[in-house]
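Read the structure below first, then the notes.
Chain IDs A, B and C follow the sequence of writing; residue 1 opens each chain.
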Amino acid sequence: MSKPKRPETKLVPVPSVNKVPERDVNKSPILECRNLGIDFGGLTAVNEFNMAIGRTEIAGLIGPNGAGKTTVFNMLTKVYQPTRGTILLDGIDTHNMTTVQVNRAGIARTFQNIRLFDNLSVEDNVKIGMHNHIRYSAASSIFRLPGYWKGERLAHESALELLHIFDMEDLADAKAGSLPYGAQRRLEIVRALATNPSLLLLDEPAAGMNPSETADLMENIVKIRDTFQIAILLIEHDMNLVMGICEGICVLNFGQIIAKGTPSEIQNNPEVIKAYLGDQKEV
Amino acid sequence: MKEKKKSTGGLGNYFKRMKTATKVDYATYVGVILAFIVVTICQSQGLLNRSMTGMLVPICCYVCMAVSLNLTVGVLGELSLGHAGFMSVGVFSGIITSMSLQSTISSELLRLVIALVVGAIFAAIVGFIVGVPVLRLRGDYLAIVTLAFGEIIKDIINCLLVGYDEKGLHIALNIDGKKTIQSLGLSEDGFAIIKGAQGAAGNERIATFTAGFVLVMITLIVVLNLMRSRTGRAIMSIRDNRIAAESVGINVTKYKLIAFVTSAALAGAAGALFGLNYSSVTAAQFDFNTSILVLVYVVLGGLGNIWGSVVATVVLYVLPEALRGMDQLRMLVYAIVLILVMLATNNPVLQGFMDRIGEKFKRQPRKAAAQKGGASHE
Amino acid sequence: MEFLSYLINGISMGSIYAIIALGYTMVYGIAKMLNFAHGDVIMVGGYVSFYATSYATAQLLGEDPSAMAVGMATLVSVLLAMLVCTVLGVIIEGLAYRPLRQAGSLAVLITAIGVSYFLQNAAQLLFGANPKNFTPVVGGQLTFFDGQLRISYVALLTVVACVVIMVGLTVFTGQSKMGKAMRACSEDKGAAQLMGINVNRTISMTFAIGSALAAIAGVLLCSYSPVLKPTTGSMPGIKAFTAAVFGGIGSIPGAFLGGLLLGIIEAIAQAYISTQLSNAILFAVLIVVLLVKPSGLLGKYVPEKV
């Protein structure tokens, strides 16, 4: 298996303070955060968060533990309402939207601590992701009207198609809670994809995976982007993964962005090195 | 998989392709139908004594109660301790309906059907009123509030005075305890239907075992078909992980309400049938203890396990009657059996022991499962 | 004046609810289970005290016993009730609840209901279904304003007992070693075990305290409304549980506050609105409070972490 090719990336500015990959620059960014911030009872968790993600960009959000990365995800998906700032999803302000509305508008996510529907089958987990796309009324389900059969067949076929990305069709009938760890992480991604998002948020997708699984995952993330033409924002501690597939990277420390740029720019940024390795003078 | 789908090769193939859940559903329907046929034959041959015949309709009602409560507790995953409240609403709205229609509709069957539908509608309305505030709470707080609502419904019906004459229904709420049925001002031809704490007496008994069987089948079809659909999956996703459900765009409040109101409506229909099986009922019969009784059926049958609820209800309803020979000891024995079954099905040490026994019977796993009866795992 | 006497009635009934609620809240806070059998332990306490007192009056005390002797007999009967209930509580916990420590909360709930059925039916078998006439532990009353306001000694005793128990429990859980172990167990049983705390013993101790409180509540309840039946404990038990939730379950001052408020609301509702609907009003208030404060008056709201 070949390692995914490092994308040829050049970040160029969009009409704001942010940068997106060159190929996306003529389209508006899928996501734009302006001065985003949140306080928890007087404590500022994230502040002045500015970021834009291009339509087909794979972007990374990195930083030491407790930097506020997952909090950014929670603000984007409205698990927390931001205290300040604006989130523009495809140009639409998500102010006052709920988690459900944001998902329908096009943001899907996975969770750091896996949150699957443990007692349901793998296929059902994916079908639940399609809830808002394959619709039929409750009445047609109770009376098993043609709408039910049509919807269920479509859902079944689409679910298997999506599971095929990770070669998980054979596991369709297994209980999600009984899957091994890596498969659970992959299923979470498939479930998120089933909601037909334009922006996919992955919270530590490679956590707990071995190097070969991680390599597969990298390949698949790129494949997902290429197939569905969507943007992906991921939080990850595995630097090989981040540096290998991300085009733009944003480094967060103590709730503040300390650096933004391409992987090579980030690798050589003194602020980032300081945040990760500490100040040399102190040693 | 797709190629398999295209090759339609007879009924046998069709059965092989079915999912396990679908097979279990069909087996549940077949089991209930067979039980109905056997009981009906026994009844026609005079093999059932009076006490057994008397139990048939209540068993059907409680099966519906248990299956519908399983929708809330097992499928939605919210503990409700007020299910008897919805039954009570069904009982009394059903009785009022059937008594009021006595003069206009002569067909007993039609009156029964209308009463059941009205009972279900009223219970659904109450379920909606209760559900909107209650479902915002979580866990034990939700449980205690459903308990509170059950008691409130009981107390309100205890104060209810309802009579009927040619002018229509007369309804009064006996808040200060001073009103009597005379306060309704019924005309000479009028009659009282509900007399406060004395409940409804002198009802016509139009419920039949066949009606009970049909209601059980309808309840099963509604609950099972709902569970295997998009709506049911949304409900179960809330049970398994509310936050993840929201993140994939499931409107949690909406689906909680759908489950809760459906459950209430089915309980209402069961209540209406129950009320029309007795010549007198009081609101005090449908108190917290009744809710608990149904909850016991559901938990012993297995959460989310519909056929388990059916079997557990029948067994546990008949058990105290079967123990009648032991007279005073019977409820004590019932309590001990209940505790022991819970310990046996939930204790890890005992469960390991049971599993090892199960291993020995691995060659006939179906038989072993059948012998286990209602005592399935969560 | 009328209002004042209703209020006093409410406070003393509320104190009984508070004592029961304290037991509920202790057990819930530490074992994280709804002990539905708690109300029936109250009933057992009532019966033990009843039989001990009647045995003493019939066999031990003479024709015309001194007040001292009657007092001693009453005190001994209460202590005996506490002892029996404590032992009963520990046995119930050990036999029925301990094997289910790993099981889901619903399984434990149903087992608790089984225990409740068991206690009620065993009581019916042993003591008969006919109600017993309980003699209050203390008779007499204080009279104020030319007899317009009467306060019975039982009411006073109840309030005093309740306050003493509340303060005692607060000090116990806050200061003593066992109390600290209890708080540790309520936070995280696994971590407590790793710190060398005997979790099983701590939970047994909690049940012992809760059941002893139930015995006291039983005696006071029966002194207050002197009819003793096998089902005497169930409704006060449910109301006390409501009180515990009302105040914020797991919180000791919450249970105290919840119990008192419940008693007062009940008394006022009975007096001024409707006797028939007093329970409904009580529960309606509970629902409103929970909707405004989803974890009770003094409970802490812990949001789910994502």
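Keep this in mind: a contact is a pair of C-beta atoms (placed from the backbone, for glycine too) under 8 Å apart; a residue touches a chain by one contact, two chains touch by 3 or more.
This is a predicted model, so every value here is computed, not measured.
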Longest centre-to-centre distance from subunit C, chain (CA-based): A
Most extensive contact between chains (C-beta pair count): B-C
Centroid distance [mean C-alpha coordinates] between subunit B and subunit A, Å: 43
Averaged-CA centre spacing for the pair subunit C and subunit B, given as whole angstrom: 33
Gap in Å, rounded to a whole number, between the CA centres of subunit C and subunit A: 52
Residues of subunit C engaged with two or more neighbouring chains: 306
For subunit A, residues that touch 2 or more chains besides their own: 79, 111
Touching two or more other chains - residue numbers and ranges from subunit B: 243
Complex interface listing, subunit B residues touching subunit C: 73, 79, 133-134, 136-138, 140-141, 143-145, 147-149, 151-152, 155-156, 158-159, 174-177, 197, 242-243, 288, 292, 295-296, 299-300, 303, 328-329, 331-332, 334-336, 338-339, 342-343, 345-350, 378
Of all residues in subunit B, those that touch subunit A in their complex: 1-2, 19-20, 221-222, 225-226, 228-234, 236-237, 239-241, 243-252, 258, 304
Interface residues, subunit C side, partner subunit B - complex: 28, 34, 96, 99-100, 102-104, 106-107, 109-111, 113-115, 117-118, 121-122, 124-125, 238, 241-242, 245, 249, 273-277, 279-280, 283-284, 286-287, 290-291, 294-296, 304, 306
Complex contacts: residues of subunit A adjacent to subunit B: 77, 79, 98-100, 103-104, 108-109, 111, 115-120, 124, 127-129, 131-132, 134-136, 138, 141-144, 148, 151-152, 155, 157, 160, 169, 173, 191-192, 194-195
